[in-house]
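Same chain, two partners: chain A is paired with chain B first, then with chain C.
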Partner chain A sequence: MSAQRVYVFPFRFGLSASELLAGEYLQSHLAAASLVSAGPCDLLQESVETIAVDNATMRTRPEVVYNEFFARLRSLTTRPDIVVVDLMQGFPIARGVPLIHLAHAIDTACNEENAPKYILAVDALPPEADPVSKILNDRIASGSVVVLSKDGGVRSATELGSVQAYKLKLMAFSLSPAERLELKLVRSLGHFKRKSSAGEHYRCCRHFYDARFCIDELTQLLKSFVREKFGTGRQPVIIYDAPISQWFVDFILTYGQRTGGTVLRYDAFLRAARRHEGEPVLLVLPMVQSGRRLAQVLSVLDPRTTNSSVTILTILTDRADRPQEKTRRLVNAGRPWDIHYFLQVRAQPYQPENCRLCQLGIPESFPAKTDGPLMLRTIDFWDIVDEAGWKLEENVPEYRNPLGAVPDFPVIVEKNGPWLATKIQSLLDLLPGGYPQDPVIVCPREKGSLVLGELLKGFLQKVTVITVPRSVINMARERQLDLSDFDRDRQDWFVQLSTLTCDDVIIIDEFNASGETRVGLMRLLQLFEKRVLSYLSIVDWNPKQSGVSGAICYSLYDFQGYEVSV
Partner chain B sequence: MTRCEVPFPETSTVDVVESRLMAEHQENGCLHADSLHLDFSRTEFVDLPALLHVISLLVQRRRTRRETTMALPIGKRPRDFLQIWNFGQAVKDATDGSLDEVFSPEDVACLSEDINNAVIRYSVNWKYDGSLQRLLSSRFFSLLSFFANRSPGRNRVASDESERWQHELIRAVLDRHLGRPDNYVGSRIVYEACTNALRHPGATVVQTASSFLIFGKSASARSTGYLTIVFWDDGVSMIDTLRGAIDAGKSVQALRVPALYADYRFSVHEYSGSMLHESPMRSDYVPTRDTPDDLLLLSTTFPGITRDALGEDWQPNPSLQTSNPELNAPGMGLFVLVNTAVDIFSGRVTIRTKGLRLTISRDVEHQETRYAAKVTKYNPNSPSFLGNLVTIRLPIRLDRA
Partner chain C sequence: MGSVDRLREDRELSCRVLADLITHAPSTYPNLRLLLRDFQTKAEGLPAGAVSPFIPSILSRLLSKEDSRFVDLLTRGRPRLGGETRNRPKFDVAVISVINEELLASKIVFGVPLDKDEDYNIGGYRYWRTLLTRKGGKTLDIVLTMAGERNVQCAIACERLFTNFNLGCCFLVGIAGGHKKYVKLGDVIAS
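So, the complex of A and B:
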């Protein structure tokens, strides 16, 4: 049997520019094609560019989806046997109307002579009453269309083999919930004072951890934990205690809604303890540090649960006795307790009498207001620099002297990424037109900016990030860039900029010194007829120059260092 | 100077509020009076559409320089509801005036009170679990205003509002009480209702709110409550915008998708309740200059019908013209909204605009038609309703509540 010829049309709703799909990811589509054809398949595209449909287009011209589908179909040089229409977004943004146009396009295309078989790869199967199902039902029944969802759901006229290979290929491409938790956890710097219920100030903390962007991940982790510890038998009563972590309350309530399990606040459980006598109990907490609060809870809980087994889980801990097993030990009133945890983090606590933040008169921070000031405070900036360390400046532009040692920005971003991302988002909210409908970020392709760009892409979602090589920025700065040179080899930055559907972009860089990178990127964007909404850097060493650059410049921290101290 | 007072009963749903206003207007022309006092002091329950109806009336009368005052309920329960739902701010936003012009000093003070205790009382009263209580205390369901011309990020309003409904906790609540897909309320219903409101010419303010009412579990009841989502805008009636396009000779059919056409049992009623006529209707119908307002209103929800068939920025596309000359523009938003509410969640959609009210639901009486579309005609002597009020009501499923 000869290999089936496969093409992939990946639609990306809510994004503004096309990008190249990773080969590893495309393997999942080949697995889907093999599943449907029950034979070998060949992908006929050397590289696959996504078809971006931004928010403005979805709102005002959703019929573009129909055009794009046929434009892609008409451009094929070899007749395909299978076309995979990839709608896997990872986030629920696809609107009903553009999907109707896409379904209609597939339906129309099925009428053509020697039409290929279409596989619709989606996040979740659409309900029967969804217009997409209504339009494609006859095509599915006739075998022209197969719908596959990433959790293994299938809508097909014929029985397919095991979807396991398809699911495994997709899973191989995605991170585990624990890895995503680590990446998305917001670590805010501040001066957080811990107080007992009687108001006694017993500790200060430099960090507050906020997992408000990880509720899906935590729900998955807790489901697995409960399955592992309690099996499929009697499910535990979940008790939670979270006096200050609102993100945790949202998570644990979401878990209760999703699973239908009993989830009670600690004080509510105490009132209803007799009703749950003999039932296994799972006490879940957001964070355990010294264990002081947990000891208080256990001293009240323990006598009320004498006939129940109590398991303790904390989402975060600042120490671990057996990191391999993800447990730590706490002895309370002579009784040892094993505390399970999901993630170990750095807490940096101080006794109030030794707290340097108190000594410096730094105002108290409040977890509920995790955004805090828009920019980084001086103490916060230098603390994160201190933690990340310094390095000799790399990729020094040839038009200026090296700065010598600079903060290790990639490490800063790695350790503080989600927090910085929330601050960047707050700064972008200040733009004259507000946070853009379709945010597009352009940055130099250098380690610090790359890490920052990837962070914003993964963390803020729906953000299109375009990274441009330094050599291209330099050519643009010197007005020596000829775009036709790049049209031939279709480098990814060129593909993205030339397919960009919106006119406004934001330039981001790890730091600003001479301002020449900004000039180079602005000139490059002029060639693509794009308007720069704002220039944003983590640090601006040269705010004096930024102030007269003509661009709206934001930074998370600034002081006049360039041409003064260097 | 003419003064009128309209007292409202203990249960003041939107139907009750409208019928009281109509009855009083028939008798003394209260809606045209120089001064009108809306007395809700006896009211124990008022629903969201009724609040938006009152706001619409306040705006309409303010525009014609007529005074309107309002007495809030005396009872704690309805006062809690008005506080939590931020009714005072919504009145202020819509009328662009001071609360003192509408309410007594005591009522103004009540509307500004801290909501913590009100949330606890309301949660106990409506048997809210921890999740709904959390959403209530964060004012998730409360009245929100968007200013069509003033908001800097107005292009993002529909996306942002839709995204607010994509938060994990509200999606988990929707999944539990309404069933899957839990992202459709945000991405289909809220997004399309908001987009629709913002597109109406002349709309300066759009207001939205929602409420989750759970009644006691009952084995005989088909549902135990419902989620209500309302959107109101002060723009031109959707009847007039579509008619304007037809009268201007524009095409109002952007798209033909036979797979999406369905049969309706279409009935038109007097406000008194008596049926004027009933007829079968299919959603492939394209309205013309002769189409009456009642059918024109229904046709705004048909797939492919829009006042803007060619789109504002539409440019002919050669490849599209070749592949399918009929498919060329938007016009599916209200269809998607109705499809999601009625077909997927078994709910109903009500549109109140001008002198009409349209309700679309599944036709449970007749097997052969999918939808029942009922239009109620208001008395032509009473003032037209200002703007467009879209109410989506989704039942809570007994087995899931």
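So, the complex of A and C:
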């Protein structure tokens, strides 16, 4: 049996620039094609440029998707046996109409003589009633089209091989929900005062954890937990108690809606306890630290649930007795309770009388409010610097002296990424015209900026990140860059910038010192006729110069720390 | 509230936090200079009364004799922002004055020609070197400089002085007031 010839058409909805795909990513599509064809396959591309469709186009001219599909199909020099239409890395938000156009394009293409088989790879299977399903159902039934999803979902006329789930997971490059929860959890620094229901201030905390970006992960984790502890039989009544964590309320109510289970607030359950007598109870909490609040809850709940088994689950905990089993023990009124948890985190509590933050007069922070400064507070900045550590500056531009010891920015981003991303988003909201519809970020191809770029890509969504090698920035800074030199070998940054559909970009960098990187990138972007909306750095060591640079400069922290070497 | 107010926290609070960080920084802190620079930036534009309460603790931290390890680290030079570790000139005595009239007086006393250019200009701070011959023929190497008015400026100038030179001792010299019952014009007071 000869190998099936495979092409990949990677569409990227919500992104403004194309990027080059190669290597393992394309190989995962090849694995999917092999599963579908049940035979050997050959990929006819070593690399492929993505088809970027930005948000403005999706809203005003969604039919572009149809045309782009056929343009790519007509450009093929060899007739394919399988075409993988890849939508896995795009953004599901508001993609409805463009996806319908794409489904129509596939449907039309199936009518052609010797039409290839199409694999539509999406992040989630469209519901049966979705127009996309209605358009493609006949094609799926005839075997012309197979729809695959990131989480292993399949819509196909025939059974695929038994290894499909494994292969599809490989294809999605996905982490486990618990790993994603750890990565996406927002750890805010502040001065959070814990108070009892009587208003007694009994503890201060340095951190507040917010899982607002993790609703899907938490839903998956809780579903698995319920399945493991309660089986598929009688489902528990879920009770929640969250006096300050709005993210948790949002999550647990979403969970209730998605699963159709009974989810009640703690006080509401107490009023209706008799109605649920004998039913298993699952008490879910956002965070357990000392267990003081939980003990209060249990002292009221325990006498009302004498005929029910109560299981306790907390999303987060600051300590664990049996980390392998993800449980900790709490003894309340002589009765031991096992508390299950999803993730252990660091809390850094202070007694009020010894609280460093109270002594310094740091104002109280409120998790649900956003009235604090948009930039980092002094104590927060220097605390995260201390936590991350220092290192000698790397990738020193040749036009200035080394700065010596600088904070370890990649580690800062790694430890505080989601929080910094929310801060950066707030700063970008200040731009004239507000947060860009299609944010495009250009940064130097260096570790700190790359980590920051990936972070923004992951959290702010709809963000296109273009990384530019230092040598190119230097040439642009010295006005010695000839774009025609790069047109020949089509490096990825060149492809992205030359196919960028929007005119406005944001430059980011881990820190600003001499301002020359900013000058180099601004000159480079001028060559591509792009406008710099803003220059954004984690730290600006040279705010006086940034103020006269001609760009709107934002940073998460700034002070005049840079001087010309003496 | 304007966007500038929304961006940053209150500068006085920043100064308070930085003074605390500087005062309690361990002797092995990698880059105390940056904390000082931050303090200087945040203190700019604040009234003297808002900043001066923090100065004694910062100065005592910089000048503490007990903490010789820190002073050693600071003055011997480490990787630092904007500069490289260098061999620092050694002086037996440093004389700091606050205002120009005091600097001129110091120059006259120590025999530095008033029209002589400075011997070192480091980060905008000017330094003049001179020699004083003692009884018995031994000499003292002396460096003169001016710190400028205001406590923050003075603290920064001191820190620069200690970083850039290897000093035996340091005197702040200048005009002082006093009770006419105990002192008269022209007296020299040492405290």
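What we mean here is this: the second predicted complex is superposed on the first by the 481 of 566 C-alpha atoms of A that agree within 3 Å, B and C clash if a C-alpha of one lies under 4 Å from a C-alpha of the other, contacts with A are read in each partner's own complex, and residues count from 1 in each chain.
The rule is short, and it goes like this: a contact is a pair of C-beta atoms (placed from the backbone, for glycine too) under 8 Å apart; a residue touches a chain by one contact, two chains touch by 3 or more.
What you see is a predicted model; the values in this text were computed from it and never measured.
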Touch count on chain A, higher of chain B and chain C: B
First (chain B), second (chain C), both or neither touched by A:390: second
A:401 touches, of chain B and chain C: first, second, both or neither? second
Touched partner set for A:244, first chain B, second chain C, both or neither: neither
Touching partner for A:263 - first (chain B), second (chain C), both, neither: first
Touching partner for A:378 - first (chain B), second (chain C), both, neither: second
Partner chain(s) touched by A:108 [first = chain B, second = chain C, both, neither]: first
Partner chain in contact with A:320 - chain B first, chain C second, else both or neither: neither
Which superposed partner A:130 touches (first chain B, second chain C, both, neither): first
Those residues of chain A which chain B touches in one complex and chain C touches in the other: none
Residues of chain A touching chain B in the complex: 55-56, 59-63, 66-67, 70-71, 74, 92-97, 100-101, 104, 107-108, 124, 126-127, 129-131, 134-135, 137-138, 215-216, 219, 249-251, 253-258, 260, 263, 265, 432-437
Of chain C, residues touching chain A in the complex: 3, 6-9, 13-14, 16-18, 20-21, 30-31, 34-35, 37-38, 40-42, 78-84, 122-123, 164
Residue ranges of chain A in contact with chain C within the complex: 360-362, 372-375, 377-379, 382, 390, 392, 401-406, 430, 541, 543, 558-566
In the complex, chain B residues that touch chain A: 130-131, 134, 151-153, 155-156, 158-159, 166-169, 172-173, 175-176, 180-181, 183, 186-188, 191-192, 195, 254-255, 257, 259-260, 303, 311-314, 317, 319-320, 323-324, 327-330, 332-333, 335-336, 339-340, 343-344
